[in-house]
């Protein structure tokens, strides 16, 4: 039994994590922390968990967590708060899976540019492993700190990695047009996520400024071994969950969809959660699962990759457990099917 | 041309009012006020109005409004704020259509009980006319202050008035089960109206405590000439607009649906915005219109009245213009078809 | 390992069943039948099951199923088809959980009246057990044929059973106002379930004629030991899943909500899937689970019970597995948490 | 008063047309035809029109229409049916606005290629005017046959026309990623538009095969005076109405968003229904209106144009009335504000 704690328990990713971990045969949830002033029952914050979990949210306290034998922490804190909070845990030898953006960008200057503040934990940043199992799977078992990947980047990176690896496409004209459900914006009420504002509407947001842009480029550069530039535009869709990403790429030589599909099936042959399908995928096919579905088309000489996932599971809490399974030597699929 | 102003311009009812009034051949919108600190363009608050209206929101200032010749004000202020603000206008002879609940309950004690604060404008309360044209139509032309009715009450009252008037039902066992779209909750973001919370979900709210309860009873008592008690439960439905109200009543003697329909068609014979239909109505049939659709059924000896409307138009801004038309002697339907 | 087959594999309840049963440690899915002319992969009918199940849909063939050792069948066939198909299986000793309405009404005359055709399998009808574990739990272990309950009836019955059992309410004036997501209407496209028709709309349907009415009454009569009459009105809500049922009942003597809550908590003390909560429940809290949440209020002297569930899981496939677990002596919760 | 008829009255575009034309001071709706076997009231097909229009649907009969003085016909027939039906009307001198795709592609070979059947009315095809007022406005007043433009093409064409006209972009690498509400798929129930299938989901469809592709290219070629190639991918979004189109184009020289905005404001200076806005637009801002909103951004050196409209109004019935107004010399905005 691995004793774990969840930090930042009031949001959507924490609720999904708890649901998944309650099914995990080798996990015991020891604590859930929250910055709420009182210490509500976890099931009061998330009524869907009534009679499933009997913990109260508690304030974050390293000593208390360590004293109770917590070996691994899933941090659902927002960026900024993560890098303030996690060093103390790491210092005490606790392993951490951080779902925020704080440890994803290797270059602290990029962090400062895109997140608008300086990184204040360079030591741990240097040792963090980007937790995308299909790309960095071999580095995860020994990692103490896993930077769980962003929801959009997973669709973009896994949708492009086989082509980037084989250098079959122009790496400077990639276009990534993503459509996301509203839960991706978190649980804090805002006008843009107020039901009568975003229901029955589509809009782009953070055009040219979304923080997932450098994350996508960093990983694709690792895969390709050369500079990559992407144009990434996210859109808000009136649905709870799901990301659909449409990727446009220019091949370096004419290619057929069949050839592309073969490249992808080879690349993802041992990845249990990437499904290369031939039909046109829909986000609904992946909701409630850790699967990422993708298909390939060639239209007027250009490559179109269509990718979808559940942003809260594959895009956050599911892949976090996939990383956890790798960190502790469990079957990667445990609790995820 | 009647010069009008709209108070509280940032919400949904104000936006709908402006759209309707821009089509009104005898209205000039002179001012839109708002408590916003800056003075944004109305079309910045409501992008759908871009290039339709060229006014800036301004702070409320009685003298300025009067100086510019404002004859009639539509108040979209929240309750409490309305009774603070409107006396000064009424004192200067301006006519007012108030969309809040402040002047709806004749009895200030009922106001105190249901709204949780004392009424502080008893003088104007005493002269206010409840603006439901199908019931109090004759009082509206001469009214200086019209208390525009609540969205739910209109469905409940118009769904029951013919039966209450003819005393065909037991007036103490009426059940009103209402289902409303989320715009009825206003434009201020809250957790309960945050998209991922209320989308794909149904819940009851304010059970036994909704302020529209005494409003429904007051008007039905006027119609019936005797005490009325209703059990009213509102529910939140994942859609922008629309109220569907299912009313259950016990007839004093066995009645057939046909007989009921005849009673209703007689009662609403000259009401241009009440449609007594024979099919089962859907809120969608009324969206974007000032119509209230209803039908009657008898099931196992009890009467079921099914009523629907657009909560923002018939339920608020449309009926406000209908009242305005009666106040100024225009055809009741002007700008509403 | 219990070898099972699923009949009628193309609909929503079959897909949910498969998802649940894939998690069941004591079940092997041997066959999925369908009346589709070709024999598509199950995962082609339900793309969400890609890489989860490797069976093809096959035509129904008793001999083949028996030859392969099928011990238990879940029938997702529509009513009418179930009673044509299941006798052959029952005759061969196979146990059956029928999700249709064919074996729910004990009285064949009631079947003829509400379903519009004569029942043609009276022998098996006589031995069928109504599969609501919280009411008939003791009869299920020995049943060969379980009539899985309807989605609406579960909310109505479990919402009323403690009061009916203790005869605390008038059993002839019960009103059941239900609100259901669209998946309850099945997977066959119709104008009423065409997206632009039912989205952003609420409507009542089958007013006074819904087949779940006699089912509710039959079970409540069993519980109360005397005649029961309900007025049941279902409504269609623009969401995928979920039923919210608002029940109105008249107590025989004044009761407080606390007293009611105690009665309910006693009654459901050992029922792992009924949650008596104090907050106002929302369908979203139960989606994806086998829980039925309910709460009690007293408003103006009458009892209001608010109940919700996931219509496809608790309302159909989840409770089917709960029944299966009882039939085979597994922990009732197996595969359902 | 211009006497008009509407052909194909059972769909969504016909309902919208009727609503708009009922507000038009110079139009009399004389007939609505439908291929329905009986002759239902128009308001039975479209309950929202109850008490608004008193016509019955009638079978199509040229003589009857001409005898009643019909001067202009709006055809909401599907493609294929339009070119079978309209020649007889045109032959009798009736003016026609055709909302189908039959007369949009100038080249009958392109029609055969994309629509899968031969064009059978080459005479009228040769004289048809493509009814996009912002581009072909001068040709519309004298047209007998106006081919009303497709919903998607309007967003793509108006989003690119100023750049195509000034040849500021590479005309062979244009990417058009469109997101549409479900009403765009028409009113015939299909599995893909069945509520529980498309709600809470996003998917691409007709990838590389959508018939609006050649329509977009034809008009942009007219504007640019040289060949144009676009890659167009439509997506289905869980909402009733609205199209959001994200256009990616490569400028021939570095350009700033401000410069682009100026080009667009110049180009659309006299177009009352194109709003070049600076904020990021949302489809909701245009719903229920004939406005097309667009904005411009430059991201990483490439031009991003964001465009939205109501697919049923601006995308179909609204622009049809705009064309009608031009054909008959009325103010272009009549009945559209």
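For clarity, chains are labelled A, B, C and D in written order, and residue numbers in each chain start from 1.
Operating definition for what follows: a residue touches a chain if its C-beta (ideal position, glycine included) is under 8 Å from a C-beta of that chain, and two chains touch if they have at least 3 such contacts.
Everything numeric in this text was worked out from a predicted model, so none of it was measured.
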Measuring between mean CA coordinates, which chain is farthest from chain D?
C
Would you mind reporting the rotation angle for the C-alpha fit of chain A onto chain D, rounded to the nearest 5 degrees?
180
Taking each chain's centre as its mean C-alpha position, how far apart are chain A and chain D in Å?
40
Centre-of-Cα separation between chain D and chain B, whole angstrom
36
Centre distance in Å when chain C and chain D are each reduced to the mean of their C-alpha atoms
46
For chain C, write out the residues touching at least two other chains, lowest number first.
181, 197, 199-200, 238-241, 281-282, 284, 287
For a test of understanding, state which residues of chain A touch chain C in their complex under the given definition.
22-23, 44, 47-48, 50-52, 200, 272, 275, 277, 279, 281-282, 284-289, 291, 293, 337
Contacting residues of chain A [partner chain B, same complex]:
12, 181-183, 187-191, 193-200, 238-241
Can you list the chain C residues touching chain B in their complex?
173, 175, 177, 179, 181, 197, 199-205, 207-208, 229, 231, 233, 235, 237-242, 244, 246, 248, 250, 280-284, 287, 297-300, 302, 304, 306, 308
